[in-house]
Every structure is written in structure tokens, then in C-alpha cells.
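Heads up, the next two complexes both have chain A, just with different partners, chain B and then chain C.
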Partner chain A sequence: MILLQSPSRFLLQILKDRIVSGDKGVDIDCHTVEFDDVRYHVQFSMRNPKVMVLSVALPLAPPEAILYDGLPLGAIDAIKAAYGAVVQILDPPKDCFDLTMKINLTKLPTDEEQRNVVLTQIASVREVVLGAPLKLLLRHLASKTVAPNVDKLVALVHRPNESFFLAPQADKVTVVYPMRFQDSIDIVLATSFLQEFVEARRTAALNNAPSCMWSPVPPLELKGVNADALDANAGFVTFVVFPRHVEGRKLDKTVWSLLTFHAYVSYHVKCSEGFMHTRMRRRVESLIQALDRAKSDAEKLKKLVHGGSFRRLSMKHEGNSNH
Partner chain B sequence: MDPSERPAVVFDNGTGYSKLGFAGNSEPSFTIPTVVAVNESFLDQSEQCSSANWLAQYNAGVMADLDFFIGDEALSHFKSSGLYSLRSPIRHGQVNDWDTMERFWQQSIFNYLRCNPEEHYFLLTDSPVSTPESRECMGEIMFETFNVPGLYISVQSVLSLSAGFAYLKSLSEEDSEDSVSDMTGVVVDIGDGAPHIVPVVNGYVIGSSIKSFPLSGSDVTQFVMQLLQERGELLPPDDALDIARRVKETYCYTPSDIVKEFKKHDSKPSKYIKQWSAIKPKTGVPYTVDIGYERFLGPEIFFHPEMYSPDFSTPLPELIDSCVQSAPIDTRRALYKNIVLSGGTTMFKDFHKRLQNNIKKIVDERVAETNARHRVEVKPVEVNVVTHPIQSYAVWFGGSVAASSHEFFECCHTKEDYEEHGASICRTSTVFKGMY
Partner chain C sequence: MANTLRLYLTCIRNTLEAAMCLQNFPCQEVERHNKPEVELKTSPELLLNPVLICRNEAEKCLVETSINSIRISLKVKQADELENILAKKFLRFLSMRAEAFQVLRRKPVQGYDISFLITNYHCEDMHKHKLIDFIVQFMEVSKGLVNEQLTARVSLDMFVVSEMFILRASM
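Presenting the complex of A and B:
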């Protein structure tokens, strides 16, 4: 499993368990934290066993990323469109959260397959909310227009205090990520991974993928952006997305991939580190084994010498030769 | 945001099941089998092609490293495709395959909890008899590979004990401070791996008195399967163990007297015999299995172990008694008073009642004998086997409570400590300090 999936495993499991356990469920009050500080809080109460209250906290937005009532552009509409009557948005949200929704399980479709589709949608609330502005812009790209009242350069929050940038045009959308990592080893690995990533894009099999560039300095598109937002220690990655990348069913996948690009790279860096350690450990183990073997051979030899067997052997030999 | 402001990640990796979740919750987010399905077909291929082609071999190794699954997904991939083989990183409560364990953690972190390990403190649990080397290895993987900011490795039995206290405290309205600080009791932890009986006094493990019992949950499953098959029930071979396990978890119970139980079953079969219906995996034909004496014979191996394993005949209650008897004399009364159950296999209905009765009987007999021999009147010993509904994941619960206290972050080994002193900081566990 190399790609992160959009639905949260945790939310999906709770929802499905709840459907199975029916009314006799117990009070649930639990929280969880996902990558990039997206937090969920789930509540079920015995008094109202068919209603789940789900609160979501988003990563802290940097100043350049504009929010509307605390949420990304178009998030409320996206929620309504995705969930319809199943979900009711509570205003204001619970303390310390950006969004609180009441999910009415009695309004779910009765057909199991359809119901699972809706539950998976609910578990993908992260994509619905954080991806809302991205989806809006890309939908316009699919119809080869530019969304009205949109700036030339849009900043969208994707990590705590960090944003990525979109330059929408009628025939293409340019997406730029300033890449930042904490750990010095991560920075080195990520930089080389990104260069290889760009290289891989050039191979024939990936001709249809969005074109992709890496540069150590901010690309032209980011001219005029404040210096804080451009302070990146692993360079800048630019994708150019064309209408063919966002046609029909491709749209959702593209939205999620763009939204989690940084997480994808950092996951890869972590896994590579893991593999390196595993390999180093195996190597050390085989070296130790080789050393042990050498040592025990040497010890055997020593024993033989101490036991005088060498001498006896040689004496015997001498004796034999005397005959 | 400082990592200590986020909830810590709590992992209880058991022989059979791993409990994964965040501190502060009352239940683990995930409980999944501790298994990894790895695809070794890449490696086989590369062995066939000439060994000179090192790049092909290297790539095959990388692919094998990438293509794996954990938990229930591992089981389903193993069943549906011949390409995968199953590995269990933990045997008898202790990690014996670190590469596989590392993969299991990697998936648990990135794909189950979906968190960034650099942003959370971690609490891992450890068997009471594990070695300093194994704790060192845990530390190395957590700090080096996952780059965690802080790590605490706690002994499972101590967590179970504190879970019991925390649970009882959450029930009672008034704060009874003294009972919480008084961490004394015997922990009987029976899961899928080697069960241990561990006496804890004031939060310290009495290492020399730890006793092990050789039979565990997986043996009960095995025994139930054997009984079903010997009685002539037709189980599909591929599914037999799985069905036996589910039968065990759903229907097994502990009777107070096994002879009476046979009579009860014989006089009213309709009341006691249960049915299990399933579908054959290969042909799709439905079938039914009758479940009779297995219901109470399964858990009986803890009270009559010779029934299942001829080499071992000390019943669990006797072992618990001898564990307490080997502890310092001034702690024994307190230990008898608080015998805490933990682990999935203690969940059988009335298991605690039977234990309590049997131990009480042994203790009362000893007191009566002393009284008769020395012509004295010793105060009767109070025996108390404690159960609570969180028993099956008590270790995790204890971890969750411990890791949500403020002191937790101060007790952790930090990344800075690790970088300065190396993995040896994880060798010692504070709960053993002062005892030896």
C-alpha cells in the first residue's frame, strides 16, 4: 500500500460498527489525529443512538490562505452536495473544532451497497472540506473556463501553517508546492526523491500524467507572494494540470492526490528510511554471524592446540614415519 | 505545535492481537491480528535468474519490501492468493522477528492511525519477562526509523493493574486517593501468548515471583477444534481454526463443577446445545455444526491442564497461589485481596468466580491447617478476583490512562536522550528498579 486512501479507516470502522450493532450500542466519545493535524471527534449518545456527532479540526491556516467562516472556499456547499439530508451542519462548531456535523443514520439508504458508498463519503470528510476550493477550480478547468471572482494566484492550506498555490487559467491550472521538512536527513532524501520523481515523469509510460518540474528557487508563478510562504528547504514542485486530467471521474482522484502530495512524499521518505534501516540491520546481522563463525573456528583451533592434539597428531605421524 | 500537545499513540502488540489507538480514548481505535502477509514471489524469481544480475535482485528485494499487508487484510490476502506467506512477529509475548515487527508498525502508523510518527509521543508495551535487548531494539526502531520525539516502554502487567484502578475510580463518585496510589495486586494476563502471573507491589514488579502458565487462548481454540472434530462434526479444514475460535468466543463458559455440567447437558440437551451455521468457502454449500460439551470443556484446560497437555498438571488457581506464596510475606494479604484479570482469554463467563472459589479453597485449607497445627486462630484471608468490562484490552486501557497524564511526557525517553546516550537508555524499566 503506497498511496494514502481518502476515507479515514477509523471513521469508516466506527460508522460500520454502529450500523451492525444497531440500537444497543453504548456511549462513544473518542478522538483521533491524522497527518497534518486534522483532528476528529466522534460522539454517540445512548439517548440518541442513531445520531453521530462528528467534529473536524483543520490544519491552522497561514495568513495567505483565505478562509470563509473558518472553512475553505465552497466547503459548506460541498458538504451539502456530498451528503444531502444525512448530514446537518451545526453552527457554531464545538470548541476547538472548525466544523461540527450531525449525521443521522436513519436517513442512510437501506440498500447495503449504496449505504456503504455514503458511509465512505462521510469518512472522506477531509477531502470534501479541504478539497472543496480545489475541486471548484478544477471543475472549471474541465469546462475550460476560469471560475469567476478568483484571484490570479490562490493559496490553499494543506498543512499546519503552510499552503500550496494554484494559478488557474482557462486551459490549464498550475499547482506549486513549497516543500518543507523538519529533519535534516528527510530534507536530503526528499530533495533527491523529488528530482527522481520529475525524471520518472519523463518516461514514455507516463506521457499522459500532468507535467512536473522541480526547482530549488520559487517559480515565476509565485512572484509577489510573501517571503514566509516561500521559505522552503526542499525546493518547489510544480504540476501543470490540463482539462484531460480532470474529466469526469478523474476529478476526485486528482483532487485527493494534489491535496495530499506533501503527505505522499513524506510517507515515501519515511518508508525509504525504514527500508534502509532494515537492510542495514540485516547486513550487520550477517556480518556478526560471519564474525561469530570466524571466532568459533578460531576457538576450535585454540582448543585443539591446548588439548595437545596437534602434537599428538604430529607425534603419531613421526612414529608412523619411523616405521 | 509541540508533540506533547497532541495525544500520544498507544500500541499494545500482543501475540495474537494488536491494540492500536490514541491516549485519552477509552477504547483502542483498532484491534487487529498481529500478522504480516509478505510476498516472497519476487525473491524466488530473482533466485532463478542468474545471480550476476544484482540489479534485478536488488529490485526484487525492494518490491518484496513494499508488497505486504497487516492485520485482517493480511489474512484475506493470504487466503485468496498463493503469493503471500504469513508471518507472526511476536511469539509467546516477545518479538522474535524485528523486520516483520517494523513493517507491522509502519502500516499501523501510516495506514491505520494515519498519523505522522514525528508528531506524537509513543507508548509501547512489553511482556514482564522480556529482555533488555528487546527493549533496546524497540527503542532503536522507534527513534531511528520512525523518528518519534519520545518513547515510553511499559510493562503490560503494571498497565493492567492500573487499568483496573482507573476503571474502578471512574465508577466511584468520590476520589479515593489512597486506593489509586496503592498499586498492589496480582495480574493474571491470559491472551494468545504465554500467560503470566505477575505480583506487583506499590507499582514495582516482583520479578522473582513471576510464574508462567503454558496454555493460552490459542490452546483453548485448538482444544475446541479437536473436540469438535473428534465428535465427528465436519469442519472445512481451511476454516476449522477460525470457526473454533469464534465458537469459543461466543459460547464457551466456565462451570463451577464439571461433573454437574455434564449431567445438566445430558438432561436438557435442547437448552445447552448450540448451533453454528456457516458456508463452505470452496463450494458455497451451507452447513451447521452442533456445539455441546465443548462449551465448558474448552476453558476447563485452565483448571485441569492435564486434559489437554499431559506434561503439565498444575491448575491455574494453584499456580496463582504459589505465586503469592513466593512473594514477601508482608505483601501476601494485599496480593490475595486484589487478583486482577486481563487479556481476552479471561473473558469466559464466570471465569473469575471459578478462580476465586478455587483459590479461596486452597487458602482456607492452609489457614485451617496452620490453626490446627499451632493451636492458634489466624484471621481468615480475603481473596478477591477483580473483573471489569475493559478486561479484554486492559493493557491498552492502562496505557491510554498513563499516557494522558502530565507526568507521562516527563517520564518518556526523548529523542535528545537517545541521540546522546544511544539505545541503552531503553534497557532498564523503572518498574523493576529497587527490586533487583
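Presenting the complex of A and C:
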């Protein structure tokens, strides 16, 4: 899996199991975390087995990101538009969560294929909620306008206490990610990974892709942002998205890619660490073999002779006892 | 480039061949003890002059010899931070498996990345020339592979992965 998938496997599995299992429901009450930032809480009760209560906790927002009732701009509308009658939003949400939804499984379409589409969409609740403001801005870009009442620089939360920035203009949107990593090894790997990103963009086949830049200092777009939001230890990545990248069906893909950029990078940083480990293991094995070769044959021979003499001795002994 | 590396390795090989003439030698201070003198350094008459072989500032090899043991310390070249991490990880990986290597010292001598300690017992149950082969091979592996091949592979992987990401956006 090189690219991250948008529906959460966990939610999708639970929903599918529930639909297969029919009316004989059991209590389910479980939590899960996705990409180290979004928390889910799933509840089914015995009394109405066809109703799932799903609570979602979004990453803690830094001060520069603006939320409306704890949710990103346009999230409620996006949920209503995406799920329709199947989902009912509970207000206020459960303690420690930002959004609680009641999902009525009896209202799902009866056709299996259509039902799977809706279930997948429910499982991608992360994309719907967190991606709502991004989608709003990019949709305006597709029609080459700037969304009304939007600042020149919009901060969107994507990790706990971290945000990325969008500078919307009529003909392009500039997306800037301050990249932060905790581990010192991760920082170095991520930095070289991001530089590779810029290299990869230069190849001829990718001329249509959004242009990509990496710099160790904040780019000009971020002028005037408070210093806390700008201390990034792996540099800044800038993508410039043009209207042709958000046409029609491309919009969803672009939103998801931009939304999970950090998770994507850190996932691959971990992968290359794993890859390094496997190679080292193999190398160590070959070195140990080289050392084994150095052990003198004389020693091995001695052992063999020793073993042989033991056997002979015991045979003689047996022979003696028989006689 | 490859030529200077060969010269460097040949020089180390010759030095080791000359230096590796070890004999059993019981400790002079404590009765019934037999310790590697190069580690103790209590009696100067048992130590020989250490030899330092440098290819450049970043790559060097220190060979310290005594009557019953020899200590070889290596410093591996680390050009950038990625190589630094790879080398550090690899050498730490090895040090943690020092048991399996027998001649590997668990902790490197200060200022070096990895050290070997070869005693007369090792020389007795292993072929001397093969032991030297092992050390030279080790140097080749940790130098050539950590720094060039592995880095190249990691960057290549990163390149492919980032290409995929950008491709998806452009489709």
C-alpha cells in the first residue's frame, strides 16, 4: 500500500459486520485512533441494534485555526450533503468528542452496491469533516473565484496543535505545510524524503502535477503568522494547486491527498526505517558467515574425531557386557 | 576513488598481517589471570606502538597491539546527515549483536565508530588470514554499502513514493 486509503478500515468492517449479522445485535462499545490524531468511538446498544452512535474527536486545534462550534468551516453542511437521511447529528456531542452522529442502518439503500458506497462514505467521515473547508476553498478555485468572507491566509488543523496554511487566490491556491517530527532520525529521513519530492516533481512525466517546493525557512506566503505556528523542524513544503487539479472528480482525490500529507510522509519514513532494518539484518548475517569461515577446520575435525572415539568406546563397552 | 580505497584497505591488511602475532601471556599483576593487555595498559613493556592509518580526516583506522591482544578501531565516513544516521544505526545494530561476532568490542574506542578486540585465543581457533579477510570485508561492507548503496536505495524508494503521490494529484 503506497497510497493511504480514505475510508477507515475499522469503521467499514464494523458497519459491514453489523449489516451481515442482521437483527441479533450485541453491544459494541469501542474506541480507535486513526493516523495518531482522529479518535473514533463506536456504540451499538441491544435495544436498537440498527442504530450506530459514532463520535469523532478531531485533533486539538492550535490558536490560529478557526473552528465553528468545535468543527471546521462548513463541516455540518458537508455531513448533511454527504449522508442525507441516514445520519442524524446529535447536539451537543458527547463529552471529549467534537461530533456525535446517529447512523440509522435501516435507512440504507437496499441495493448492495449502493449500500456499500454509502458505508464507505460513512467510514470516510474524516475526509468529510476535516476536508470540508479545504473542499470549499478548492471548489471556488475550480470556478476561478475566491470564496467570500475568507481571509488571505487560512489555517486548517490537520494534526494535534498543528495546522497547515492555504493562501486562496482566484487562479491558484498555495498550500504550505510546516513539517514537524518528534524523533531526530525521523527528522533527517523526512527532510531528505521531502527533497526527493521536489526532485520527483521535476521528471517530465509529471508536468501536470501541482508544483512542489521545499525550503528550510518559512516561505513568503506565511508572513505575519505567529512564530509558534512556524517552528518546523523538517522544513516547509509548498504545493501550488491550479484549477485543472480540482476539476470534477479530481477534487475529492486532491482534498484527501492534501489532508493526509503529513500522515503520508510519516508513514513512509517509518517504512524506510523498516527497510533499513531488514537490509542490516541481512548484512549482519553475511558478516557472521564470513567470520564462521575463519574458524579453523582443525577445530571442527577435532570435534568429529572426538565424537567418533566416544561412539567406538561405547560399542566396545556394549560388546564387553554382552560377553 | 576506488583505487585509493583499495590502497587504504591493502595498507590495513598489511598492517594487520604484521601486527597479528599474538601469544598466550598471563597477567603479570594478578596470578592465574589472563587479560588482554591492550585493554589494561598496565605494563608498558607489553605494548607496541599504535599505528594510525588515515585515508582522510573522516576515515581512519587505529591498530593498537600488545603481546596477547590487538585492538582495531574504525571510523566510517559520514558525508551528510542521512549517511550519519545510516552508519550510526548499522554500527549500533552490530554492537548489539557483538556476542555473535566474538571479536567485536561492545563499545567503540572514543573517537571511533566501531572497535574489534582480537585476543590470542581468537587467533588460535581461527585462521589468521581469514580473520584479516573478515575485518577487511567488514570495512568494505560498512563503508561501501552503508554509505552508497543503502543511501541510494533509500532515496530511490523515496523518489518512487513521492512520484506516486504527485501522480495521483495530477491524474
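The rule is simple: the second predicted complex is superposed on the first by the 295 of 323 C-alpha atoms of A that agree within 3 Å, B and C clash if a C-alpha of one lies under 4 Å from a C-alpha of the other, contacts with A are read in each partner's own complex, and residues count from 1 in each chain.
Operating definition for what follows: contacts are C-beta pairs under 8 Å (C-beta built on N, C-alpha and C of every residue); 3 or more make two chains touch, one makes a residue touch a chain.
Only a predicted model underlies this, so the values are computations on that prediction, with no experimental measurement involved.
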(request) Please determine whether it is chain B or chain C that touches the greater number of chain A residues. (result) C
(request) Kindly classify A:Phe193 by the partners it touches after superposition: chain B alone (first), chain C alone (second), both, or neither? (result) second
(message) Once chain A of both complexes is superposed, is A:Ala170 in touch with chain B (first), chain C (second), both, or neither?
(response) neither
(request) Using the superposition on chain A described above, determine whether A:Glu34 touches chain B (first), chain C (second), both, or neither. (result) first
(request) Would you check which partner chain A:Phe275 touches, where first means chain B only, second means chain C only, and both and neither mean what they say? (result) both
(message) In the overlaid three-chain picture, which partner chain does A:Ser257 touch, first (chain B) or second (chain C), both, or neither?
(response) second
(request) Identify the partner contact of A:Met46: answer first if only chain B is touched, second if only chain C is, both if each is, neither if none is. (result) neither
(request) Would you sort A:Ala81 into first (chain B), second (chain C), both or neither based on which partner it touches? (result) neither
(message) So chain A touches chain B in one structure and chain C in the other; where do those two contact lists coincide?
(response) 2, 271, 275, 277, 281
(request) Give every residue of chain C touching chain A within the complex, in rising order. (result) 81-82, 84-86, 89-90, 93-94, 97, 100-103, 125-127, 130-131, 133-134, 137-138, 141, 145, 150, 153-155, 157-159, 161-171
(message) Taking the touch rule as given, give the residues of chain B at its contact with chain A in the complex, in rising order.
(response) 1, 6-7, 22, 24-27, 29-30, 62, 65-66, 69, 98-99, 102-103, 106-107, 110-120, 141, 144-147
(request) Spell out the residues on chain A that touch chain B in their complex, using ranges where they run on. (result) 1-2, 4, 8-10, 13, 29-37, 160, 182-183, 186, 266-267, 270-271, 273-275, 277-278, 281-282
(request) Name, in rising order, each residue of chain A that touches chain C in their complex. (result) 2-3, 185, 188-189, 191-193, 196-197, 199-201, 203, 205-206, 208-210, 212, 239, 245, 250, 253-254, 257, 264, 268, 271-272, 275-277, 279-281, 283-284, 286-288, 290-291, 293-296, 299
